[in-house]
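Right after this note come the structures.
You will see chain A twice below: alongside chain B first, and alongside chain C after that.
Moving on to the complex of A and B:
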């Protein structure tokens, strides 16, 4: 017997993502999903951002990794609520899904939170396919990764709202062609806004902070 | 390896359908429609499915995967096209202002129960 279903395989994830979004909206929280390759500097950018804006906003963070709580430990130092998700218990999954985020927010007191950072697992493939209930998706791309990452991982770049090009302090030491990198980004997603910055020297941070504050204000 | 997550979701969806509509028995075949933009690798999905379906009524099911090409329409020259490579530009006029029509599908179309 043949049974017609025509069901979206990721419908379950999508349903939970929409529920998460509703919870975030009701609590007036701007939620940002950070994606990148391992080592691009997601956690460093979050550390510097929290340092700079701690007086103005109440932050919280959800940290996704396959194993260890190293990243959560780095953020806890700034006295913000942090939940670490390790996907070891989910079979070492390479991405966060909406249900993992749901479980994480159950252990957070959301009422004082204004901006929630979700740091996805370091990987430019799978995280792009799973909505979490976030307002915006952000890609962190470091200059050491080369010009061709947007062309190699186009789906992640097409699904994102902002790309933070990190480690600009290394530019004098690298052979990377920054113009070519920007062209490659425009090719896969002409609408993707990009900000060049360095989490080490803080160069370019004001543009990222302006974007963040503007997003928060337009949401609330 | 998000193929494992996709395989687990396929099993979840079909087990629910079996509970709802009640045909009892083993699932023999599952028809899937998978877009090229989903980054789901058919062979990896089949392998993940074998592992994830053990002990369920789906463990003997074979996956029939229909791949959906990436198609789009150019916002400038208005032509429709199929993208062979994921370079996201119009093959006719070279514009990057394109609208993606298909390629994001991740659907179970039907399944067969014996």
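Moving on to the complex of A and C:
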């Protein structure tokens, strides 16, 4: 019975995700779903990206969090429309789902938006199974988390299109084997494109920006 | 209906957790349930702790992971009994539950064990709601995760007895405001005892070891 319920939930989610995708496509919006462990640097990367590209693109963001609107408050400073989803009111759910995103986009004026960032709940397990209607899934992985995370959280890595390996500024102070990390990523998902960067120093940001601009151009 | 099923699951879990607790108490075993984000350093802390106290205590460990036995392999090197629970076979569950722990202890000889570490799945949301029969819940928080994690993941911090603030060796290279982090912890749980330490340099380990030995003595 438990599995039956779960299957029904996933099927319902997929139906709504496809409807969301249709809305995004009609409005020619590139939609990116960001997933990571807590504190890997999703919001910091979004802040720096919006700063760099604000003159070129109209951004919007949907922020997922269990209990606070901290991240939304950080992004709203850049004068972009932001909708906060707090899952405490959904029983403290450990991931966003397509219906939450549907509700969020009802309160956004989509017509001027070109790129929509959806920042998922900080969690490497639950968000991976729930499509939201996005074009691409992006994992942010902090170098401080160690080499073995792709093997330990394979579904998220398998279902994603890009991994942003963040906090490269800390590399001299860590014992991490970067080559082994890249090998572990390839083992789980040979097609997963990876970009090393630092939201603190902006090192490597040009590669991520290039990816983003290219994705936008191929969408419209 | 969804909520009904969830309530039933939590009730069933609590019943089994209490039975586990009884088994642990009869065997005079101190049982600690470790929770954290992925890569915060749970296994590293356990490795160093076992190294330091191996002559004084008989340890055992139950390792929870979605997809690998990496952590169990790290601990088994210290010649202690380790049972791996891989939740891939439970639909990729994002937390351990009391029944998984029950199955694990069936394959352990409990009689010589004095301290049992249960390393939960790397996840700051799901594990917090599921008692396993432990005496105490411990959060490991890496300094690299930022000041706001207690506010963003309040249930885990509210339900825990100790927070080990790990990776203090990286403090000179981070922008984190440690006082603000401690304030945020106190706001969510004024009774949560905190110890700052580094699994890399062993700085602060004496405070954690003192806590552990004291808990063991007060249990037996």
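The rule is simple: the second predicted complex is superposed on the first by the 211 of 220 C-alpha atoms of A that agree within 3 Å, B and C clash if a C-alpha of one lies under 4 Å from a C-alpha of the other, contacts with A are read in each partner's own complex, and residues count from 1 in each chain.
In this section, a residue touches a chain if its C-beta (ideal position, glycine included) is under 8 Å from a C-beta of that chain, and two chains touch if they have at least 3 such contacts.
Everything numeric here is computed off the predicted structure, so don't read it as measured data.
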Chain B versus chain C as contact partner of A:158, first or second or both or neither: first
Which superposed partner A:37 touches (first chain B, second chain C, both, neither): second
Contacts of A:220 with chain B and chain C, given as first, second, both or neither: neither
Which superposed partner A:149 touches (first chain B, second chain C, both, neither): second
Chain B versus chain C as contact partner of A:122, first or second or both or neither: second
Which partner reaches more residues of chain A (counting touched residues only), chain B or chain C: C
A:7 touches, of chain B and chain C: first, second, both or neither? first
Touched partner set for A:94, first chain B, second chain C, both or neither: both
Residues of chain A at both interfaces, chain B in one complex, chain C in the other: 1-3, 5-6, 9, 91-92, 94, 125-126, 129, 151, 154-155
Complex contact set, residues of chain A against chain B: 1-13, 91-95, 97, 125-126, 128-130, 151, 154-155, 158, 186-190
Chain A-touching residues of chain B, taken from the complex the two chains share: 1-2, 4-6, 9-10, 12-14, 17, 21, 23, 32, 37-39, 86-89, 96-97, 100, 106-114
Complex interface listing, chain C residues touching chain A: 1-3, 5-6, 9, 37-39, 65-68, 70, 91-92, 94, 121-126, 129, 142, 144-146, 148-149, 151-155, 167, 169-170, 173-175, 200
